[in-house]
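Below you'll find the structure, written out as structure tokens, and then a few comments.
Note that the chains are named A, B, C and D in the order they appear, and that numbering of residues resets to 1 at the start of each chain.
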């Protein structure tokens, strides 16, 4: 079995600054792969390059064996690459269900069919219900998104990502600002999702990362200094010195 | 209560159109003519509403498409006139073609820049018609014979009245369909958060371009109608203050609502009419620019959500229903310093 | 605000309807619609025309052809895009019998179109667009002023014959009136043996002339013909003098280059030659009495625009007298005006086949704050009325 | 075109560009720092020109004193205007700003018409700047034009100094790039806005005063300037003073040589330039990527 998403020597320069330096990593189905590092380590740039928001300076990204390095973001998304944002990007004025349906609609856009109502699109509705269910938002489906609690908003953020039926999930700090209970719910959700998805998790909450991740990559100044399972990373002297050392 | 107002929301526009059609024959020629003018402006305003209210693209050059539609009609008709059957597609097609070019280039920019680039392209069109003899130069050009289609002749007052009313109904209907369709939902999503839409897999640029071209074509329709009514066109149709005025109309009415565009067109025209009529405001009519300017400023200060917002405040029940995809937009035109 | 507005607006519409009905039943007053610029750049011109027109009506005891006059005013904003709507207010809302207007050529074109279609009598008291008495000419459309071609052609003849210039450069705003004027000059000048070597344009309403003055200095023509009005005229004449070109290359133009702008132009305009159908210092009894009466009535000195407004009223009076106030008799109305010799402050003129004045064009010289007449450039000049089929 | 004429044309282009810069710099400041689309900016230019017309007789040949007095008056006017109208606009979106400033244009034009009338008026250059010097065999170049260019250069340098070397300038630069940061630094943003707005108005009015003896004063003079300035600001990049300078000069050159070489289509020149620049760099020449 080959990796679902494989990244080789991915590099991004901003002028003279190298934000991401020759990063190589693989995402496998059934695995949560966490990327950790201090602020400015290049995690966000990496996730932005993977999702197609910014171009890579060099290197290669392949999705299920297919080279997608130069594809536009929307095409990558339709090919099965879903992402969530660190800052909540839900459509605050729509209901939770509409948020998910809108995201799901990308798969079967058919924009020319203007005689059909958006809310009648069976495929989108099905995907939306499924995503809401998976994210545990079914009860709150008809609430206007802007009025949801912070935790529910973060769940909706992931649900919208799921509604596009991705194979690979790129999650940018899904736990940011969450309380303990909300965190537990989100971790349960991720555990459940990893059976059917390859997940890249960028997260600052170290306890959560070490609990849930199957593999961890540590970045410092744009460069990967270590990759391995949580136990190996915990024991890695370089990591302890460069990163964990400051915390623990 | 909610259901009643929701139903009203659906049927009220149709009822208005039918009422207008019914009382048409009892209107004096001037009133009929005035109504035709307001209806044409309503179509023009609706076309811009598709961009500003529904997609969040603030264009300050929309008059270019209006003018191009009008010029295409007159130039196409030539000395001997022509058939609506091909003049109308020609007018809408020319406007749409220019919109395609302008849209393709200007949609690369955003925010303030988008506003200014659309303005620049409109000025370019203005100067092409103003400075070259191609369209009769600065004084404009006449249409000697108005467009016809079999027995339907735009020369007739009633054909003008009902033709324009029909065009307005079609435009309104088309935009209402678009609003509730998947296309409209995608535009609404783009208006609120373009980045998220892209991440979900929408080809955002294509959607915006499509909206831009449709808006251009509909403005071309308004241009066709105004040329057929006036029988004369001139570059001033494309002047930037015309783009500004139509923007005023939709803001005045209330963004994010189709009714807003129509209400705005009616209100703005009436406001100006009232302020410049001696019989109504006496000697102040000579200073209509001052009173209009003050009225606009007072309006911004007091009614940020437009006339629709006033109606909403008066009957709160009407507001929550259907507000979901219907809310006042936060255009993604925020400053990007 | 909105509800009140709607209410006021509805009242307005209702009033308008009632007014229309009411007046249809009382025939005596003759409704004259004044569609002139009452705001913006041309405001002063609109006021002068209105004053001139009213002065003549007052001289006739407030009546023309035995009918009292009622005025309806519409501000045309000098905006051609709104011209059709504005003229329709007069034709359809107020049911006026006669329309007088306007200054801006583009607006006048739209007015002519509407007048031609409705048959309402239109008297153009300024706008010089050749087309109004060219392709758009109609039995019910008259002009009391000039065509752009007229003063320009006369200036061309003067420059070629009298001043013996060989090579000229023309410069104008790039718009219809400018093009027409420049072409008129070229026609007159080349007929008189001269040659227009270069035609320069400035985008309207840009007033940055320096680049083109440099071009003129480099080309060294014998004369320059310029068409600008208002602020542009002031700036061009001043820039021309400031560039020192007035010392070596005489600047000619139609009268608008120096009419009503001499205060602002100051020394820069002194000695300039221009052509127009009116001038200061005519010193005919007719002109003197007009000027005294105007000055007395409005505490203002009259200008060419006032004369044009005054003559619009004269033409209307002649037509109405012939039909005894019944303006419905279109053929007789217009025949009377076509036959008439109009006793204008500018001198007697008649109205040609295309309804444009056939008139003397004066050669004037700027002296102090006056455009003093120095002679007649062309006697009884008629517009060629190209494209008029009437 | 021979070399001499070419050089003179270049001088014309630079001189026109510098004057544009003066108006546009105020616009780009207000635009970039306060995020307000100010359609009424042309009216401030007009205000300056009419001020020159009204003040010249009072100050006689004390031209420079008059300029200073005018700038102070204009700045005061801007300060009050910001307080009365614009301070309500920051929380609103661009559309409301377009709307209100459009209303202000109408009001300013109407007030001008009521106060001064609609005639064209000349404004005398100060006696010590009258006259001209020879440039080429026929052409003379007025001293006043040279003075205007020099004044614009001095002001450009002054602006550069203020923006790059002073505390106020630091705040302005911070404000243009990141409003939250300014707040974070503990600066009173409302006062900063008020000062910037007053400065913008003063710059436009100063441009109007300097231009008045060359251009005369007439109704509607603000309108045409406004659109050209928008073009300049967009080409240069919103909020960038250097960008405004570069763009002004560019527009000056395109306009000048457009008139000479493409007389028929010269009206379009600057808009084609703008479209081209934006296709190449959508954020303007000196604008920051967002």
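We take it that a contact is a pair of C-beta atoms (placed from the backbone, for glycine too) under 8 Å apart; a residue touches a chain by one contact, two chains touch by 3 or more.
A quick note: this is a predicted structure, and the numbers were derived from the prediction, not measured.
Hopping across touching chains, the smallest step count from subunit A to subunit C is 2.
Chains that touch both subunit A and subunit B: there are none. With centres computed as the average of Cα coordinates, no chain lies farther from subunit B than A. Centroid to centroid, with C-alpha atoms defining each point, subunit C and subunit D lie 35 Å apart.
Centre-to-centre, using mean CA coordinates, subunit A is 48 Å away from subunit D. Note on chain placement: the centre of subunit B and the centre of subunit D lie 32 Å apart, centres being C-alpha means. In subunit A, no position touches at least two other chains.
Counting only residues that touch two or more partner chains, subunit C has 39, 174, 201, 203-204.
The multi-chain contact residues of subunit B, meaning those touching 2 or more other chains, are 127, 130-131, 289, 295, 299. Going by the touch rule set out above, the chain pairs that meet are A-B, B-C, B-D, C-D. Residue ranges on subunit B touching subunit D, taken from their complex, read 52, 58, 60, 105-106, 108-113, 115-117, 119-121, 123-124, 127-128, 130-132, 240, 244, 247-248, 251, 255, 287, 289-290, 292-297, 299-301, 304, 330-331, 333-337. Interface residues of subunit B, counted against subunit A in their complex, comprise 174, 177-178, 180-186, 188-189, 192-193, 195-204, 207, 210, 323-325, 327. Those residues of subunit A lying in contact with subunit B across their complex are 51, 53, 72-75, 77-78, 82-83, 85, 89-95, 98, 101-103, 105-107, 109-119, 121, 124, 144, 160-161, 163-164.
Subunit C meets subunit D in the complex at residues 39-41, 43-44, 174, 199-208, 210-215, 217-218, 220, 230-231, 233-235, 238-239, 242-245, 248-249, 260-261, 263-266. Put simply, subunit B touches subunit C in their complex at residues 28-31, 33-34, 37, 127, 130-131, 133, 136-140, 142, 229-232, 234-237, 239, 242, 267, 270-271, 273-274, 276-280, 286, 288-289, 295, 298-299, 302-303, 307, 310.
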